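First, the structure itself, so that you have it in front of you.
Per-chain residue numbering starts at 1, and chain names A, B, C and D are given in the order in which the chains are listed.
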Amino acid sequence: MAKKRIVTATINGREEEFLCQPRQTLLEILRNTLNLTGAKEGCSNGNCGACSVIIDGRAVNSCMILGVEAEGANIETIEGLAPGDGLDPLQQAFLENAALQCGICTPGYIMSAKAFLDENPNPTEEEIRFSMAGNLCRCTGYDKIVRAIQQAAETRAEQSASCAKETV
Amino acid sequence: MATIDEVKAAEGSDEAPKYKVIGTRPIRHDGADKVTGRALYGADIKIKGMIFGAILRSPHAHANIKSIDTSKAEALPGVRAVATSADLPEPGDKIAELGEGAVVLNHLSSNNLARTKVLYKGHAVAAVAADNLHIAQEAASLIEVEYEVLPPVMDVLKAMSSDAPVLNPDVRTEEASTGEKGDKPTNVAKHIVFEKGDIEKGFADAKYVVEREFRTSTVHQGYIEPHVATVLWNNDGQITVWTPTQGTFSVRSQMAELLHVPLARVKVVPAEIGGGFGGKISVYLAPAAAVLSRKAGVPVQIVMDRADVLQATGPTPGSFIRIKMGVDADGRLTAAEAWMAYEAGGYPGSPIGAGAMCVFSCYDIPNGRVEGYDVCVNKPRTNAYRAPGATNAAFATETVVDELCEKLGMEPVEFRLLNASKEGTRRIDGVTYPRVGLVETLEAIKNSDHYKTPLTGKNQGRGIGSGFWFNAGLKSAVTVTVNTDGSVSLLEGSTDIGGSRTGIAMQFAEAMGLAAEDIKPAVVDTDSVGYTDVTGGSRVTYATGWAAYEAAQDLKRQIVARAAELWDVDPAQVSYEDGHVIGPDKSVCFKEIAMELSTTGEPLIARGVSNHNEPGGAFGTHLVDVEVDPDTGKVDILRYTAAQDCGTAIHPAYVEGQIQGGAVQGIGWGLNEEYWYDETGSMRNANFLDYRIPTCYDLPMIDAIIVEVPNPGHPYGVRGVGEVPIVPPPAALEAAIYDAVGVRLYELPMSPPRVLHELLKKES
Amino acid sequence: MRDFEYEAPTSLADAVGLLAKSKGTARPLAGGTDLIDHVRTGRLVADLIVDLKKIPELMVLELNNAGLRLGAAVPCYKIYEHPGILEQYSAISDSSNIIGGMQVQNRASVGGNLANAGAAADSTPALIALNARVIIAGPSGTREVAVDQFCTGPGQNVLEPGEIIVELQFPPRPAHSGSHYRRFIPRNEMDIAVVGVGASVVLDASGENFVSARIGLGAVAAKPFYAQEASELLAGQPVNDETIQKAAAAARAVVHPITDMRGTQEFRTHVTGVLTERVIKKAVERARG
Amino acid sequence: MPRLFIPPLLRPYCEGQEEVVVEGATVLEAVLSLDRQHSGVMERLCPEGKLRAGMSVTVDQNVTPRGLAQKVSPESEIHFLPAIGGG
């Protein structure tokens, strides 16, 4: 049996150390070792996006990354998204638009959308649909999800505009 | 996308809105948990001391099991228990009633752990529990099974032939209405016949007759959450199951029957459920997990992966359907005939009954005959999937209707309006409809901006299709506790797949004159609420909503009686209206009276139950524009509108969501989804890469038109919503493809290779 | 998942040494989007996984007058976000932008895609069109292979035990050149190519005549390959529908497709012609600027 | 008087009739009445006075959860149909 390694990574802003066998995926470590069960296992091979987390600013499928590869990484999961009180604009927009039914794809969707909007704050519907194609939802038909991401983009723009004003 | 009430409000109608809570769009009660990742789904459940299970599955589609040797698995360090079918009690020949249907226990038991035969690739053969999943999987691979491989039977028509290998030696063809059984083992488990009028005369009266044969492929519900069960068989014999399921009480019954234990010894705790669509009713893992837990003495969790989900749960059947329909010169249907064979999978039980009842359900037809067969093939045992059986049937019927319209030179909407089923129409199976809204959905489509906007581009086409589902009532229970501060906790047994907690709480709030936010709904375990049937059949908002309505009536009665006692007046002088209890000289709001009663007397607890059977069938009509690439056969959806009669939309946003989601599942079924088998009976696309459910990039926005024809059989006029929207899309797409490029597709899915094949055929 | 060891060497020599010395089966890891799935399902066995992402040579991304150097482990997103690659080596940018979803593109590498030697690999026809050379390091030193000679069959390539791809080198792009990769898939995203076509064209100064062309085909034979006749047929010919259709017909004539869950033989053969035509036209459009 | 609709395959046992006028205040009484008119039909429709697995009773327009115990009125229609389940 391969020896367990100690891996150090920043998870949701806090430095964490965990023990990890090489064969454990990052998803397994997040869910079983760190008890961060927001990321879900839907397909195990990178086709559904339910396990999406953000590493060093980029959305990735945590089911296709080994836990040992996370050494030194900066990992963001759905558990770290909401501010102390209230919700992130994406979370709020998903609720207001009824963009979830069963909700199993929601954490992955929101994390992918966050990474996407960080890169492309003012996307067209076409760009949203292209970039979110790696996140499957079987309940909603996507209509309300796309609208939620559009709304979140607007809210984020307003927030950053008012932020900018405050700094001035 | 607006409800009729909203449109009226926008138009400044004088009519006061009928309801205060119903028809509004509150944030769902479980929303915050679900957007923050806190909600606990099946695989998020962690029970102290829990170990992990793995299932050994058959590599063959059809084989006899000659022997199973588990010794090497048992010897692997870290392995805690191994189980085979020998660890499940002998099921005998009992048929168990499980709420939504009867199950031959021997078949259910053998489907969980194969006894003498494996009947599809992926059939569970043995189970292992170990300290971690990796060890359990390695141990499962060490189990040695000796198989006698048999030829697989993959095609429904071949399976019906007299020389086909027989899957189940105990199956005889049963005539559905007489109960007579054949005398030879066969793959044909059931035969159904409906007749109405004089079919020969009907066809003789026809000016045009179209007869076509159709095939549809096996497709899967495709919920994103794989199946999972966590089970503790405690030292005192009590069994607790934590699982995401459409029916906790159904799981309880199945466990009790399969394990031969009393119902009260099984408690089922619902995890949040990541989609079901009919596929999370039957048990697949919990019985094996229970047996492993009993042996290991600790809780055992078994999780499927995607390949297991596709190969070894309950997809909906592939089918062969022949349809013949006749119309007179005026475009009135004179006769219709259907011959339908549905694949049951390894064990009998396809939705052929529903398919046979739905096949002509949208039309008023004077003369008809429907014949249906339930046929075993070496594929996973099929299960319900959104309007089970209806989509296959509608694809066939609606395509023939489209061809008839072409012969008549009639607009498909006008043809449907002329022949539509309405109140009093008698189906071929004999039953007449109550007040239904098919005509209204056709008119809604006809009046839509989409319908009024003509297509202009090359290779573009438009198609229309209608669909029906019965909906269901069945049993539901709700318990309500009024807290000392006047807030309300509502306990229900309907697991919430798409926001039903809120839909139920809203009906309670409406009845009490409270706000949706005043109610805190919770889905609780089988020990904590009264018996409740499955979340399925589009019954929850109707039936559990009605139970909540009854609980409100019970609560109001109690409040009135106790207020009268408190105020020392005649109860007849006290009433409850619009959130207030009103006495001869005062009116007190709910919150105040609740606090007062709580401090002066017994706890305020109310109950509501329902078992009503007037769910008011629902109809939908969809309109789709496509563009077909004539060089590749690829179909792009340009615009999509779905109109559906929902009775009364309780939470319009989630009603739209049901319509949009169902339509998109139907689009996937129509265009790309299929079980692709090789000649050995092995599914070659058992993953989300090649089992191609639609992504967001494949779709436009889906316009949902909510049509409200209130159901007279419900206090708020609710009809079920969830099933119907999957029914029309394949047929509507077929008509649109034909309109675009002039080729007919008689087989699902209408994937690019099939469309291109027809285009090339037409060219040459 | 079956047990294995993991190493993440920081030098090429160490990586080659680890792979060569391993007693069991050693597998190199870049983005892992194929490898981890294959090890999980048991399709591939690994006793040792050697993570290559910490080796500077495999992460190189350099575009200058000498051409393009693309480290084997560079993730797809760095390729399509690179303005110079997008402009000059569009075909490989096109491929990188459609391999899996965004999450996959943030991990998967072109080197890994090539090394897996899948018949339907999206980047390989583009690499063939752009005439890439594969730089290979192994226990007996470094060697170079033309990319169309790299794959030898389904899942098979020229790598000897202990060898890895270090980088892909692309010749500089001539004036008036353009390239494109396109695939046919049943959905609009997320599928494996049913037919994949990469093409690069060089036009004369007028933009009206082909100087040369290279066409790579994927998913229509046991391995991606260079469609030599179709490519050579274009050289010196005027840019018009007739010439392009001839090349498309020539491409169609050399395919040996199978029928599987993604498409039929009939479909793949026909669509090879359709896509070849469309891809050449797009490459011409880009060459003309 | 309630009308009991005869499933096609049972019609040969009922002299080919598509529907039979029966007596009774419940479905079971209606079936007993049918059996009096056409001896042996009950054994096929609901042996031992029980609904066969996989069958359901529709009275008027709705499947009844009460099965053979369902009350019927003189205007009622009674249908025996395959039981169905939703998704």
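As a working rule, contacts are C-beta pairs under 8 Å (C-beta built on N, C-alpha and C of every residue); 3 or more make two chains touch, one makes a residue touch a chain.
These figures come from a predicted structure and were not determined experimentally.
S.K.: Between B-D and B-C, flag the pair that has more C-beta pairs in contact.
M.R.: B-D
S.K.: With chain centres defined as C-alpha means, what is the inter-centre distance between chain A and chain D in Å?
M.R.: Each chain's C-alpha centroid was found; their separation is 57 Å.
S.K.: Rounded to a whole Å, what is the gap between the Cα centroids of chain A and chain C?
M.R.: Computed from C-alpha means, the inter-chain centre distance equals 29 Å.
S.K.: With centres defined as the mean C-alpha position, give me the chain B-chain C separation in Å.
M.R.: Roughly 43 Å, centre to centre.
S.K.: Chain C: which residues touch two or more other chains?
M.R.: 1-3, 188-190, in rising order.
S.K.: Note the residues in chain D that touch 2 or more other chains, in rising order.
M.R.: Answer for chain D, listing residues that touch two or more other chains: there are none.
S.K.: Mind pulling the chain B residues that touch 2 or more other chains?
M.R.: Expected reply: 134, 221, 276-277, 689, 694-695, 697.
S.K.: Chain pairs that touch, all of them, please.
M.R.: Taking the chains two at a time, the touching pairs are A-B, A-C, B-C, B-D.
S.K.: Which of the residues in chain B come into contact with chain A in the complex?
M.R.: 25, 27-28, 30-32, 34-41, 43-44, 46, 134, 221-226, 272-277, 303, 305-306, 497-499, 651, 653-654, 656-658, 660-665, 687-689, 693-697, 699, 701-702, 704
S.K.: Residues of chain A touching chain C in their complex?
M.R.: 1-2, 5, 21-25, 44-47, 49, 52, 55, 58-61, 63-66, 68-69, 71, 112, 115-116, 130-135
S.K.: In the complex of these two chains, what residues of chain B are touching chain C?
M.R.: The contact residues of chain B facing chain C are 134, 137-138, 307, 631-634, 636, 671-672, 676, 684-685, 689-690, 692, 694-695, 697-698, 751-753, 756-757, 760.
S.K.: Touching chain B in the complex: which residues of chain D?
M.R.: Going by the criterion above, the answer is residues 5, 7-10, 13, 18, 44-45, 47, 52-55, 58, 60-65, 77, 79-87.
S.K.: Where on chain A does chain B make contact in their complex?
M.R.: 21, 23, 31, 35-45, 47-48, 50, 77-79, 81-82, 87, 90-91, 94-98, 100-107, 110, 128-130, 132-147
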